[in-house]
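Heads up, the next two complexes both have chain A, just with different partners, chain B and then chain C.
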Partner chain A sequence: MTAALLVQSAVIGLSIGSIYILMALGLTLMFGMMHIINFAHGAVYMLGAFAIYYVYFQWGAPYFAAFVLAMLLLGAFGYLVERSIYRPIKGGVEPTLVALLALTTLLQAAGYPVFGTLDKHVPPVFSGTRNVLGVMISVERLMIIPIAGALVVGLYLFINKTRMGAAMRAIEQDKEAAALQGVNVNVINGLAFAVGFALAAAAGALMAPIFKLDPMMGEQPLLKAFIIIILGGLGSIPGAILGGLILGLIDSIVATALGAEPAFLLSFVFIILLLLWRPTGLFGHAL
Partner chain B sequence: MLEVRDLKVRYGAVEALKGLSFRVSERSIVSLIGANGAGKTTSLRALTGLVQPSGGEVRFENTSLVGLAPHEIVRLGIAHVPEGRRLFPKMTVFENLKMGAYLRTSKAQMASTLAMIYEHFPILEERGRQLAGSLSGGEQQMLAIARALMSRPKLLLLDEPSMGLSPIMTAEIGKIIRQINALDVSIILVEQNAMLALTLARYGYVLQTGALVLQGDAQELLQDDGVKKAYLGL
Partner chain C sequence: MPSNARAATVFVAVVALLIALPFVGGDYYIYLFALVFINVILAASLRPSLTCGQLNIGHSAFMCIGAYTSALLAKNLGVPFEVSLLCGALLAAVVGLAIGYPSLRLRGVYFAMVTVAFVEAIRLIASIWVPLTRGNAGLSVPKPSLLGMSLATRTSQYYLALVLMLIVLVILYKLERSRLGLVWKSIGMAENLAQSLGVDIANHKLLAFTLGCFFAGVAGAFYAHFIRFLFPPEFGFLLATNILVYNFVGGRGHFAGPVVGAVFLSLLSEPFRGSPYETIFFSIVMLLTILFLPGGLITLPGKLAGLRRWRPTSGTYAPPASA
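What follows is the complex of A and B.
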């Protein structure tokens, strides 16, 4: 592998890793607070991509307007899912998982009649290439990194510097104690759903101009996000960020050197070895 | 200010509280004593909405508490220091105190409450930037009580504040409970340490397997032969 190829696949790895991080952050936030795994995350990613297809490509709105709209609409949808699925089940973990799985299947199945069975493509939003350390990289790929980075910083500030963020951290540490301080646990859980869904929508919206769109497109990034949150430690936000970067780099560099299948295999080998060394993940603690 | 009538709580097939009635008047300290499993903790949990009663009525200053969520009950002026302290271990001491003032959005009010807290618990100001999980047992109990006071409650529920503490620390907590009461906060004190509870309280209720078996002035209960034998180890 030449140095140029290495730089190129490292940058591509960073941009793929950024997408994985956006997916994993919502999953880990929701797991930390409610101990649920949101299977619907991949379907939300898909809806985020299709929102770009329609609002930006078909209806001609500016890309960033479509991007923000996708996050807002799917964030609202997340709050609705908390209100209509999670809350009535009253914290029953297994029934919630089954209900979320049903929602996933429903959204994917509805995708075919609504969006059509043919693959869809979104034309490039950012054209051209840019010189990075002597290697030409497409601006489309490159732009993912600062946009995802800004969202990660925004989430960090929200969780660590605001009153509602403090309520989220309190629920994560002790739900009952949080309620006894006056936190409306239902509303804050709904907010976590909204934030998680909005970030998944952002990931899908960023990938829309790069990959082809179909109703099952969210499954692969969902699987990657599962690996990442286990790798980083369930419920850990720094863990999701580091895990996303590691997996993105493995994916890209190993795929360039050896091909896509070995890269897929290697990410599992890596996680098995890591879990043998640290059973709770990089930043995890015993549940 | 608080009136509990025929309060019942079921956990599945088990009836944990079988119709408990008691009252707390303004500025008083009332104590619930009894052995493990008598229903003391359950009573407090039912008062603050952590468990839903299966029957009975709870009235606080003419508002019924039954069916309200915990955050609504905090807003009415009841703070609950749960069994085992239940601090946020990965937050600093200061952040824990701030969580206690979650519903008090006025910065000026929060600052004055904080100043009052630091006056009573200087150690918490000293340890402000330390993680709550790293405090000693006694300091954790002080923080748990201080966090509850941050909401400026009219009624404070304390569940086993002496649990796991040394005799010196227990005496210190006793002193603090008196000081809080002197600030016109009513207190319901749940304790297995009946001696501590009845020395601090004006009135006491003795619980046994979910039912009230005895009540009276704390001084009289301390002299009661049954209480002496069963709960004071005399």
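What follows is the complex of A and C.
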């Protein structure tokens, strides 16, 4: 592998990693507060991409308007899911997980009659290439990094500097104590669902112009996000960011050298070995 | 006990009906019910692991291992069906042991995520190991045989499926009713309490999981020789979810739950088998069951009876108001 190819895979890995981070952050946030894994995250990513297909490509709205709309709509959908699935089940972890699985398969399968069975493509939003350390990279892929970075910083500020973010951290530490202090646990859980769904929608919306669109497109990013949060430790936000960067780089460099499937198998083996050594991931707290 | 006697009567009657089915039904029903039997084995084999509180969303991976092992042994080496079936099941169990050992030390969600990733890993191996499995071009498989006789007719294959299902169900039922079954249940209900009473949690979970993998391998091996064509994407995440759905829709509180769930869903979804509407149907039934009938279908007769004898103050099950 030449140095140029290495730089290229590293930059592409960074942009793929940013997508993985957006996916993993929502998952880890929701896990930290509610101890559930949102299996529907991949389906939400898919819906985010299709929102771009319809609103930006078919109806001709500006890309950023379509992007924000996708986040808002799917954020609202997240709140609805909390209200209609998570809350009625009242915290039974297993039934909640299975209900979220059923929601996932429902959204994926419904995608075929609704969106059609043919793969869809969104034309490029940013054209051209740019020279990065002597390697030409498409602007489309480069732009993912600052946009995802801005969303991560936004999430960080939201969680650490606002009252609602403080309420989220309080629930993560101790749900009962937070409720006794006057935190409306249901509403804040709903907010976490909304934030997680909106981030997954943003990830899908960013990838829409790069990959082909089909109802199952969310499965791979979901699995990657799982591997990231196992790697970084469930519930840990720095762990998700670091894990996302590591996996993005492994993915891109190994995939360039060996192909995409061996890269996935390798990351899976890596996770099994990591779990043997550290059952709670790199940053995870004891379960 | 009268309820046990009634259950035994129902069981014998159902088996008699199933034995009689090929004489009254056509080839279509024979084929359909053999598929239902495979689903019943898959659903029931997930139960021990679910009883221990482990959410395994990767059961189809072990079915896949059983199917490919048996198919390849029979096709390439001419191994008789009864041996290849056993080898498929054993390899599924061994792989289950290898995956289960690191991941079962983890609690619920970690384990669930590992199993989801594992399904994808196995599916990928089956797709990209083209020289062995022919990948996504699909693998054709010889017909099953028994003691040297080829089971060429659908009717003979139907009886083979019926016998396999009954053997698996009897073994799993005996295990559930044994001391081991009680230990599994105790782990599922209160893991820390069971541990404090001296139960070896990790090994019991591993045993339940490995056993489930073995029987999933049995189901896969039979499936391979019955359908006679293996295609890696069929063993993906969706099939694994369906196996879980059989258990939850049927009900987890009773041994008959997964059986009822598998039969009910397989038969009702038959008109749209293989289309997206099958999955849509499964998912909606699943969501409705979890939200409105958390105990699953097996609690339905009791609930209906409770409605009939309804008194304003109590149903069949009334949790204390202060809980």
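Side notes on the structure shown:
Following the convention adopted for this analysis, the second predicted complex is superposed on the first by the 287 of 287 C-alpha atoms of A that agree within 3 Å, B and C clash if a C-alpha of one lies under 4 Å from a C-alpha of the other, contacts with A are read in each partner's own complex, and residues count from 1 in each chain.
Basically, contacts are C-beta pairs under 8 Å (C-beta built on N, C-alpha and C of every residue); 3 or more make two chains touch, one makes a residue touch a chain.
Note that the structure is predicted; figures quoted are calculated from it, not measured.
Once chain A of one complex is fitted onto chain A of the other, the partner contacts of A:Val98 are limited to chain C, with no touch recorded for chain B. By the touch criterion defined above, A:Ala4 lies against neither chain B nor chain C after alignment on the C-alpha atoms of chain A.
When the two structures are aligned on the shared chain, A:Leu276 is found in touch with chain C, with no touch to chain B. When chain A is checked against chain B and against chain C, the one touching more of its residues turns out to be C.
When the two complexes are overlaid on their common chain A, residue A:Gln108 makes contact with chain C while staying clear of chain B. Applying the stated contact rule after C-alpha superposition, one finds that A:Gln173 touches chain B and leaves chain C untouched.
In the superposition on chain A, no contact is made by A:Val132 with either chain B or chain C.
When both complexes are overlaid on chain A, the residue A:Asn184 reaches chain B alone and has no touch with chain C. Within the superposed three-chain model, A:Leu72 lies out of touch with both chain B and chain C [touch as defined at top]. Listed in rising order, the residues of chain A touching chain B in the complex are 163, 166-167, 169-170, 173-174, 176-186. Interface residues of chain C facing chain A in the complex, by the touch rule stated above, are 53, 55, 57, 99, 102-103, 105-110, 112-114, 116-118, 120-121, 124-125, 127-128, 237-238, 241, 244-245, 248, 276-280, 282-284, 286-287, 290-291, 294.
Against chain A, the residues of chain B that register as touching in their complex are 48-50, 69-71, 74-75, 79-80, 82, 86-91, 95, 98-100, 102-103, 105, 147-148, 151.
Of all residues in chain A, those touching chain C in their complex are 31, 35-37, 39, 85, 88-89, 92-95, 97-99, 101-106, 108-113, 219, 223, 226-227, 229-230, 234, 261-262, 264-265, 268, 271-272, 275-276, 279, 287.
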